[in-house]
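By written order: A, B, C, D, E, F, G and H. Residues from 1 in each chain.
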């Protein structure tokens, strides 16, 4: 939408050729804010139901600070993922309510908590080493307004630990399974429950794990139905997707 | 088996309503039927809400016939995927109500149609060649009791064809995006709507497509939120997963 | 050749029981028979406890016939793997006792049945399509003198089918797990029993299965102890290895 | 849990020796201990014959300390693999009998030494750089109660070094072959002896070695029978598997 | 060397304007300067229209200094890519006019600015993290005498940001699209405009991105026409190629 | 939508046969035609300067016939790539002017030949086996209105064959290099001329060629500037891209 | 073309023994013959000491016939590799002396047999299935004038078969080792002899062999010195290279 | 050990010149020296014509020192590759004549210089960054007694730099081509000369170079004859192999 088009719409409003509702609709508003290095999508919450979320990895500290500053001026909620503790130290001066989830590596400032149904999202891990990815998923889901259940370290090498938690798992509306190595936990859960499972392969492992590829392939080829997959270590994506489903 | 079920069986033992042998049988026997080459999971519908589904690829005609015959005796619904037309010719004599969806390559006999909410599942393809996979997804979803919308051949090379259908897409409860080549359609839809998207990479393409790997990787690394992925060409998995979400 | 054998030969030379040419021949000649296209290792049974086994894939019918003919002359047992039915038709005229296991694709003529302990080898498959590889393993183990138990189609998508067979599995001395797709069955069994497991990935599956690579990687990175792996579809290797362990 | 165990519990209920709540607890509770980040499987030794073993890689120092502390309270044996020297420094205060094998990177506290047969496990390496992986295998086997033989640096580039040790190798009950680069040593040994060989590819090498993939593939495709494979650098897995076989 | 040039030299020999030694030197000597570790191609500008450009990665500081010194003596323009700030600190003493573009990591000394047509090259990025690669492309194009337009952070997750810039994009003569993750931006632009697009995959991303491979494959298999691809992170190559096209 | 159609709409507005809203609607509606299995993009020529082109691979004969029939009704030019001879036999009845280029596997019906500058596109191959891909590129370029030069079988194994053609190559405006195996020809040409080169890796070769991957990687990592790459065997893409550049 | 040759031509010009046009022709014309689809390099024998060799794979029968016909006119020797029996049937009418080596798949017509030293090339295979590749190598070497020794089926699974042939191997000047599966034979030979070894990986095998990649990687990472590698199944390349070395 | 040697030992036994124990020792003992972590192959020089060479990568400083000390006692020549400067600082105290080649990263002590023919080995690189690998090759060849010619930085981007050196190249007996990126230099040289070429791919490059894989594949699939390949960055292997050929 060019400046001229916007001007013309505004003139039409002024001349009462169209009313403000119509104008609003016309502007249907590709509003975004332009920094030198980023275009902040303030319109995103309206369009997709979720605020713009900052992926910190690969951005300089100055860039993250600039983006957060610009968002603070607009009074929108803030969520920044893959944030190191050092990064948080650098940005926390921008606003007193900025908080840091260190296991999940997420910076957040959340004023409007969306009202979600009372159902919960269950986040499971196969091992202890998978917890950071699971925490990214869980905190993401919580910040987006969901209840969560954490069940960690219930991998298939000791399957009775899992069976013991089956009631909690079955009561959840959607289940996130976080697993590295051979990722078999996703298939097990898929054979036991009738809820959608979001499988998150992790880079936990070594050798023929290839940085998470083994778990990724295993989850994609799972013989159990009801399993879909997100990128390796993508806790955020899983939490976001689970929230979408939980909100339906 | 939940705690309550176990408790109930134990109470029956205590009250001498059933003897220990009967209890043993109840506790151990998740019912299934044993053929020489297969164990048919009649319990599956109870456990996961969906009937046992026969994946025909890699099974001999005799094996598929045997499994269907055994299931017909139990009067359960039948759904067999990756079935060639020749296979259907061989099995259709088993029951007059067996039907064949040739684009989707599915054999079906469905008596009990589950009652689902009135929301629909949208199945999109980037190109014409992706249609067989999309049909597998659509017919699966329909046999499981869902309404569907098909929007085919709206790939990014002519993005206006997609924009034209945006209203239908936005009205769906969950969207399946089927695409080969570079699979960019999933990212586009992910940036435009706020519903969960199930991305199905297809093996359509050549050269650096590597049998669907390019689309698979692109979908897994999508910069848009709200996208999860199933195996290459796995139309069935996508339809099944969408049905799960739609049923929530 | 052990030190003792060499010493004995040398003593014979010193004692002039044999001349140096004969000694040379003894020292150099590990006996084998030379055809134009193959060197048949008659010494193998002595050296490794198992007869020379013919891997038919990649050999012409004439070559297989030639090798079998040469072995028949030496009166050794015969075992030929990856043999098509057509190949068997071509070679069965060589000897009336040659038999064919069509599911396992093995041609055999076995006179001396080795005496093994009374323990058995359990061969499991995740699905029906994995059966040909499992049969290759089972028939191999049987021809080498072992008792076997077959448990087919107990994949993780219906884990109760597996639990039902746990007693049989636990009684075996060594377990072969044959699985395609994500190969999770090996990890499950590994977490439940304390016997060595030989995992055989199969090429059953499609898409991100990559001809068995997904199952292979999953089995190699299994978080359960007690799992070792052989090549994709290598039923023979698994049966042979299990026999070695069972014979200890 | 076997049929007999379930029957016995059910009989106790019927005889009112225990009430249904107690039975429920017995039936459901495969005992494990729950920390915030881990579920310690005390039942494991009973179930699989081996104690729970801590894989330190990817766990924080605090997590490893917490798990060891919890295990010390239960008076079970302790074995922690992939432990750096720094980690040992941090945990050794927990108990005076904790010891550290620095070449094998294993922390251990072992009270009950299992009684194994008098046969030994032979651990071989192709080169000097493969020794750390071999030590992990050897120490694991020893802690699990086995006798071992170490034969290092006998790779195929100087095959006479290997021939010289053949007597020792042939006397072992099971052989672990640790090799990087092209991993040919496993095939050589496989052609010379009739004992099960556990091949461990290592990441030793460079270029087309791809972090151990070349050795892994070579071992999987070995033309010698009697070779099974574990993950790259997985000395622990090899030692554990060899112990299982030696114990049969 | 064209036929005409050879003919002219031969004519000079025949006319005895030059002797055979001189002719030999002319025929053989495509002029270059020989250092111990490099052969500087002063002839390159004549032959391909562009000066020799120094790729600093993998060269020692001393080598880069030596090459720049040698070129300064010949009074040719200098352009050195993949130069760290530390490298610039080390070489800037060689000439007062050497300047450093720190976002693009390029050292330059440019006296002769080639005269290009008035058309411009548009450089786009999908995200903020792609900017360093885009800057390398943009500065390269500018140093080679082209006008540029930068449009950053317009990835497909917020496609309206892109639509807003479509006029500028369409006015450019050639477009460089720099994108990591799934690289879908190249396909989108390819479907919207009729100018050649040079796609640069970046290593931005994680997990199944495999250091840029996902974006690379997606761009190669783009269903949109008019897209060609250069190496991952190869901003220089894209700027150079765009300049070639713009100069036609 | 052709220029003529747009003109006609504008005339209707001028003649007040339709009002501006109706005209806007006609113009805004990116006209495409909806078949059951395809959406034909008649507007494409306006938007990108090139007609919709049918990629036949993966489409059924009925689908291709349907699409061509629909396009014939609209009187637009037709170009269908990857068309087998059998496919042409099936569609040629649709229109007497449909012709088939059998080496290039292209079906065409071209009425309006676009007027291009008098410069030509040079298409080179390294070997004889690369010719089909080169023909696809050449015929595509010609159908789009370009002059072409073909130089086949000038690979680096006999580099003098190439040198002999250097004059023709240098006179072209843009060069397409088609090569399989190690694809070195693209680098050679890149070091010799100052025109943009479009490299097309082919699947010609065997073994470590991996279906064209070796040539693809070599072309992407070419040390010569001025080389961009399209998908393996993508002769059409190269011809289309070259045409875009030639038209600038 | 050496300096001396150029000088001589220039002198001839100066002395007016030849005119400039003739000189141009001499300088530019490395003689080759141009067909529509191929440029036959008659100059090759002069330049590299070996005749132009036709690689038939990927060429049509008509193209091979055309090339052979053109070469027959020039009276040069002919060697065509990867030729099917059907192809030979089609071309043998061109000349009565054309012969076919069916195991090696080579068509040949050789008049001038080069005189080589009396040393021989040893060609070994690990298995029977590797023989076709070995025959391609052996026949190539023989046609180029070398003596050969064939030692087939001496793989590492029965290493004594190899030891028995060590004298013959050690007497050869250069050794070609052809092996599929894990390719360990090359390393073994490399540790036993001090002659250059040319390793040829073959595509013999299955599963994790990946069409010869396992053998290729093993040979490249061989811990034995004195091993170089050619492409998978490239018997011709190995024979040609061995001939080069033998001729030195 | 040849037949003759065995015969001679046997004759000595028969003639009672040596007793059976001595004979046993001679027959079994291919002499090597056993350290805790290494078996030094003093017999190697006799067997393969080259001394044992220490590959330092992956060995601790103490291990390298121990091996060198043991070799110094035996008065054999020493050559240690992949040695860092720090390693040399640690070992140089062992003997005053130990020297360090820092570009080649080789430690050496060479007393007996083998007498080789007067022919030389030519080592070429495509770029400046390839020099360390080339130096490893060159110094290796020199230490083994060969004359060398170094021609660096003559990659295909400026092919005239190469042509200028063609005379030197053609006079060498064997040529080592060291190249990263697309590795095209090997093919070029292969088309120009008739001497064996040893191609060494290097890890120089980025992105789709994949640590040298692109160059490796390109060299393996070279369309030029006379090219064999060693491992990525394996300068030592190339120098050793070239020396073997030069010595023939």
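Annotations
Going forward, a residue touches a chain if its C-beta (ideal position, glycine included) is under 8 Å from a C-beta of that chain, and two chains touch if they have at least 3 such contacts.
Please read these numbers as outputs of a predicted model, since none were measured by experiment.
Repeated interface: G-H and one of B-C, A-E or A-B share more than half of their contact pairs by residue number, and that pair is A-B. Subunit A and subunit C have Cα centroids separated by 50 Å. If you average the Cα atoms of subunit C and of subunit D, the two centres end up 25 Å apart. Between the CA-based centres of subunit C and subunit H the separation comes to 40 Å, rounded to the whole angstrom.
Subunit A and subunit G have CA centres that are 58 Å apart. Touching two or more other chains at once are residues 3, 28, 127, 157-158, 191-192, 207-209, 213, 216, 220-221, 225, 231-232 of subunit G.
Under the contact rule defined at the top, the touching pairs of chains are A-B, A-C, A-D, A-E, B-C, B-D, B-E, B-F, C-D, C-G, C-H, D-G, D-H, E-F, E-G, E-H, F-G, F-H, G-H. In the complex of the two chains, the subunit H residues touching subunit G come out as 2-3, 47-50, 53, 166-167, 170, 173-174, 191-196, 198, 216, 220-221, 225-232, 237, 240-241, 244-245, 248.
Residues of subunit D that touch subunit B in their complex: 3, 6-7, 10-11, 13-14, 16, 20, 23-24, 27-28. Residue ranges on subunit H touching subunit E, taken from their complex, read 127-129, 131, 152-154, 157-158, 160-161, 163-164, 204, 206-209.
Interface residues of subunit D, counted against subunit G in their complex, comprise 126-127, 155-159, 181-184, 187-188, 190-192, 205, 207-210, 213-215, 217-225. Of all residues in subunit G, those touching subunit F in their complex are 28-30, 32, 36-39, 41, 43-44, 52, 55, 57-59, 63, 67, 201, 203, 211-213, 216, 231-234.
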